[in-house]
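Before I ask anything, let me first share the structure, which is written out below as structure tokens.
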Amino acid sequence: MIRFGLFGCGRIGRVHADSIDVHPRAELAWVYDPIESAADEVGKRYGAATASTVNDAIDDTRVDAVIIASATATHVDLLTRAVRAGKAVLCEKPIDLDLARVDRCWVEIAALNPTVLVGFNRRFDPSFREVHERIAAGDIGRLEQLTIVSRDPAPASRDYLAASGGLFRDMTIHDFDLARFYLGEVVEVYATGANLVADYIAELGDIDSAVVVLRGADGALCHITNSRRSVFGYDQRLEAFGSAGMLSVGNQHPTSVRLSNTTQTEAAGEYLNFFLDRYTPAYRAELDHLITAMEQSDQPSPGFADGREALALADAALESLQTGRSVQLGSP
Amino acid sequence: MIRFGLFGCGRIGRVHADSIDVHPRAELAWVYDPIESAADEVGKRYGAATASTVNDAIDDTRVDAVIIASATATHVDLLTRAVRAGKAVLCEKPIDLDLARVDRCWVEIAALNPTVLVGFNRRFDPSFREVHERIAAGDIGRLEQLTIVSRDPAPASRDYLAASGGLFRDMTIHDFDLARFYLGEVVEVYATGANLVADYIAELGDIDSAVVVLRGADGALCHITNSRRSVFGYDQRLEAFGSAGMLSVGNQHPTSVRLSNTTQTEAAGEYLNFFLDRYTPAYRAELDHLITAMEQSDQPSPGFADGREALALADAALESLQTGRSVQLGSP
Amino acid sequence: MIRFGLFGCGRIGRVHADSIDVHPRAELAWVYDPIESAADEVGKRYGAATASTVNDAIDDTRVDAVIIASATATHVDLLTRAVRAGKAVLCEKPIDLDLARVDRCWVEIAALNPTVLVGFNRRFDPSFREVHERIAAGDIGRLEQLTIVSRDPAPASRDYLAASGGLFRDMTIHDFDLARFYLGEVVEVYATGANLVADYIAELGDIDSAVVVLRGADGALCHITNSRRSVFGYDQRLEAFGSAGMLSVGNQHPTSVRLSNTTQTEAAGEYLNFFLDRYTPAYRAELDHLITAMEQSDQPSPGFADGREALALADAALESLQTGRSVQLGSP
Amino acid sequence: MIRFGLFGCGRIGRVHADSIDVHPRAELAWVYDPIESAADEVGKRYGAATASTVNDAIDDTRVDAVIIASATATHVDLLTRAVRAGKAVLCEKPIDLDLARVDRCWVEIAALNPTVLVGFNRRFDPSFREVHERIAAGDIGRLEQLTIVSRDPAPASRDYLAASGGLFRDMTIHDFDLARFYLGEVVEVYATGANLVADYIAELGDIDSAVVVLRGADGALCHITNSRRSVFGYDQRLEAFGSAGMLSVGNQHPTSVRLSNTTQTEAAGEYLNFFLDRYTPAYRAELDHLITAMEQSDQPSPGFADGREALALADAALESLQTGRSVQLGSP
């Protein structure tokens, strides 16, 4: 049985609490949130103690692992302290918005050979994972072109976005990691964007729509399309085009019902409408991956370096957006 | 070059005139219709002479073949005369509404070894034909269950239906033939129906909705679903389920456009909306089949006997509808 | 918190144990199985006590409900005893193979106004349920034709089938209930079948393939297609055709991955491959329905009478199969 | 009746000859090809005279229009001469590989107010056209993101490619025009490419795979994906994402047959496998558009300026590929 401490009881923290609850070999020991009522509610629901400070969990020798689902600004500090206390860590993305700070964090913890899983949940989505496995099995030959579509149903609030680090670090970062999942290292980034969705995003100096082009070390091309708003629901698709075929992942519906009538035929209903619906199996598989890695003394993946690289791609994309030039990346 | 006479310049006659027009080795020589203006119009459009009587075409030694697309009651007479004049014949379905009359017709012409193609156009639909070929190629192993869905967009007029011979002889007859295309001979028929669509059909003593169950000589089961009205358009589908897989044919759209918005996802537009649209390629392939058969001195298929058997199944279905019992069929 | 006793710890019993486990307001108190090791295993896994006899659960006043997932022959006795002890009951289908015995059972328990849910899980499948709701909402106008396809991946063992009561009572019974879910009462049944799949099924005097035609009290036609073997996986589909449109339910895949290569395009992988996969959400919704009904003192549905009617339809189908005639049903 | 002269009797010339043949108001008068046997063959097949020089057609006052389907290097000269002779022109893309030469051509002919249709056939594809119409009708609100996928089944020969002007001028030029069809003017181009398909393409200094990003004057983003080889067939798809929905165009199959078996489910067969199959209706609609424009004294579209702009985008893409920078375009 792996005992967990959970830092952060907001939307994503509750997803992890739920994954722990249904996992046969996991137990939620402590929950912490600066808003005490949130921690109480989650603690009560899942039978965990409410921590008055994060130390309650970090100092508890019966706690094996912590999940960092708190505000981004707190990640590095919590991650460092948890690793020093010998805990395994599942850290939500991004590790931090500042790449230099991420690198300093690694300097501090590297010698401890930490067990860190960064929360790029999409790698654990059954469809995306199947594509990864089938590429590895040779189903499409050599991967040549990768297309990722990622559009949110609706933009987050102004307050959320103001602290988000911008589209690339907040939203595209998932796609950067997914691209690396298939391409391996990325050596070139071009990015452009637009303000088409909401004025308040432009006022924040951020973009709401983007197209990004990546080149992998072995020559494959990738493009990513993002929008902060998709009126037909969460749009999460992927195509992997190779020398011997193409694997594609479509959007997913809660039911398989289709309607034909006088104005349309074979119309499906709404898609699974946001990450809590679409990626529930992914979050559960992610947690199971960490637990299994811990049990077998393996390193989980994506690890700290993957979190670092996705952020580096976001920074490169921002540079490209500002300069109109593609940005070359060295080896990590 | 095969020279054709066309009897009947209504909707289906024009389809055949058009097929002749685009066929590189066919020519329309004569057109006849009791409504002279209809014949004139088709003749002018396709460069054919307007016949004052059918004899103009039947007696014309340069005419190789005739297409009988006139009223059903005239089919047997025209077919008999054309065969006696040495013409090949493409006769629209049904040969006649009266099975005894069909059998007497055959007695009269059999010794002439006539070249007769009965107009069961669906056998020539590229999708239905592909299924036939792939079953023959073993793609689904042994055929065990066949499902045919056939629904018209809207019921024909009262006048048309009053002379149609009823649902089974007019509409299901296509499905009976299609079933025989895949199953071979049919040994058992059960049929039931309902009046759900239009009062005037019930007033005619006819049904507008039906379910028919067939058993093939080698044990396969088939069911057919019919309706005289499908608000979402012409519904023409088929599933062939076998010991090693299933081949299915879906409805077809004029374009591949799909729409996703706030109320639906992946909605297609209307289907190819009736036989003139859906079966244009089938009608052309049907004509080409006859021409090729004539050129190669082969018997075209489906032939006279197939036209007879489909009608026999319609009669058996009617008997079953009236008695509530399945009807056994002997060998033809 | 509703406390359950579970009778039968085989495949379906474990499904229910799992549903109880994840339900926030349910608890598994007792498990019983004549094979003690099976009961022990399930009891240990879900933290329930192993009963030495069913009385441990029936006599336990803290037990609110029992789930009867034992051999069919035991259902009536267990159901009767549980109802007398004041328990709510979730009884797996069929209530019994003998309609007379079912009716006697009802005579014994009717006065107790029992809370009985019969385990027709498909009514709780999200897709089938959505179709039901949308028909009620008028999405397709009046229901005119219902098509149900139900094929198992592979036939059960000879031993299982020998005790199953035959295809109609064992397998089609689900489809009979599903038909009633949409059609309401059924007034006419025609059924035919074939032996196409496995010799040992014929040796048992049973069929392995069937087509059934039903007529609802308000005139709608329904046909059901069954096979004991579908090499491409569990085939569970439905089409509801109405005066204003059609709702269809397709098969479901574990992922949304599609492959295009030199031999095929847009090929999906295998379907959710049998009821444990396809109907997991249905089983959970079924249990939740019972719990909610108990909490609100409502009668759950489908109830005892529905279990009785589905069996009556199976008997009528068998009569039709043997006589070749459609069978009329009176009001229940 | 519009009488045509055809210059060039290769693959694309024959497509046009066929379109003329089936058009009720068009007639092919002259055919010319430097390879006389090719001209003879096409002339004989469609009943046209074989010209010994292009002058036979250009000087023939009964000729209303010419189709320029000859080698690219001859386009400007033929177009200029035909316009001067008062003919309408359907000129295959590209007008020329050299933008300066195109501009000089326009200087020479502009005063003649010529009727020129440039052969961007995809604008006439029924699916692409439907998307255009539905965007205009407001079906997806404001267009924000456009995705074009265009992959050929297999690369052309080394000889063809050596004279092609490179991927952007030869292949992507269709996509540039299609982008302009939806976006209107394009103000920014970024392009990158790779050599993944065939060594001989790299040896020619050309690329075989590309990703291009465009920005429209009103802010919409577009990306184009190209490959010279797609093993699963001609890959021609489009997505138009807007503020109120998304319209997508999928690939198209010759039949609607799908196969499910032990290794896959719902697998379609091959796509319409190259432009002669996929775009037959487009070529016919293109010709009809020219004829109708001539009859109504309208300017056909896309016209000379559109041919010029697509080439300018190709040049800009090449510059971007070489510099790694996005290229800004002024107003045309």
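Every chain is named by a letter (A, B, C and D) in the order it is written, and numbering of its residues begins at 1.
Methods note: contacts are C-beta pairs under 8 Å (C-beta built on N, C-alpha and C of every residue); 3 or more make two chains touch, one makes a residue touch a chain.
Remember, predicted model here, so these are calculated numbers, not experimental data.
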From chain D, the most remote chain by mean C-alpha position: C
Winner on C-beta contact pairs when B-C is weighed against B-D: B-C
Chain C and chain D: spacing of chain centres that average the CA atoms, whole Å: 58
Chain B-chain D separation of Cα centroids, rounded to whole Å: 40
Multi-partner residues of chain A (at least 2 other chains): 231-232, 244-246, 251, 259-262, 269
Overall pattern in which the protein chains touch one another (line/ring/star/complete/other): complete
Sites on chain C touched by chain A in the complex: 22, 126-127, 130-131, 134, 139-140, 244-252, 254-262, 269
List of chain C residues in touch with chain B within their complex: 141-142, 144-145, 147, 149, 151, 188, 190, 192-197, 209-211, 213, 215, 219-221, 223, 225, 227, 229-232, 235, 241, 243-246, 324-326
Residues of chain B touching chain A in the complex: 231-233, 251, 253, 259-262, 264-271
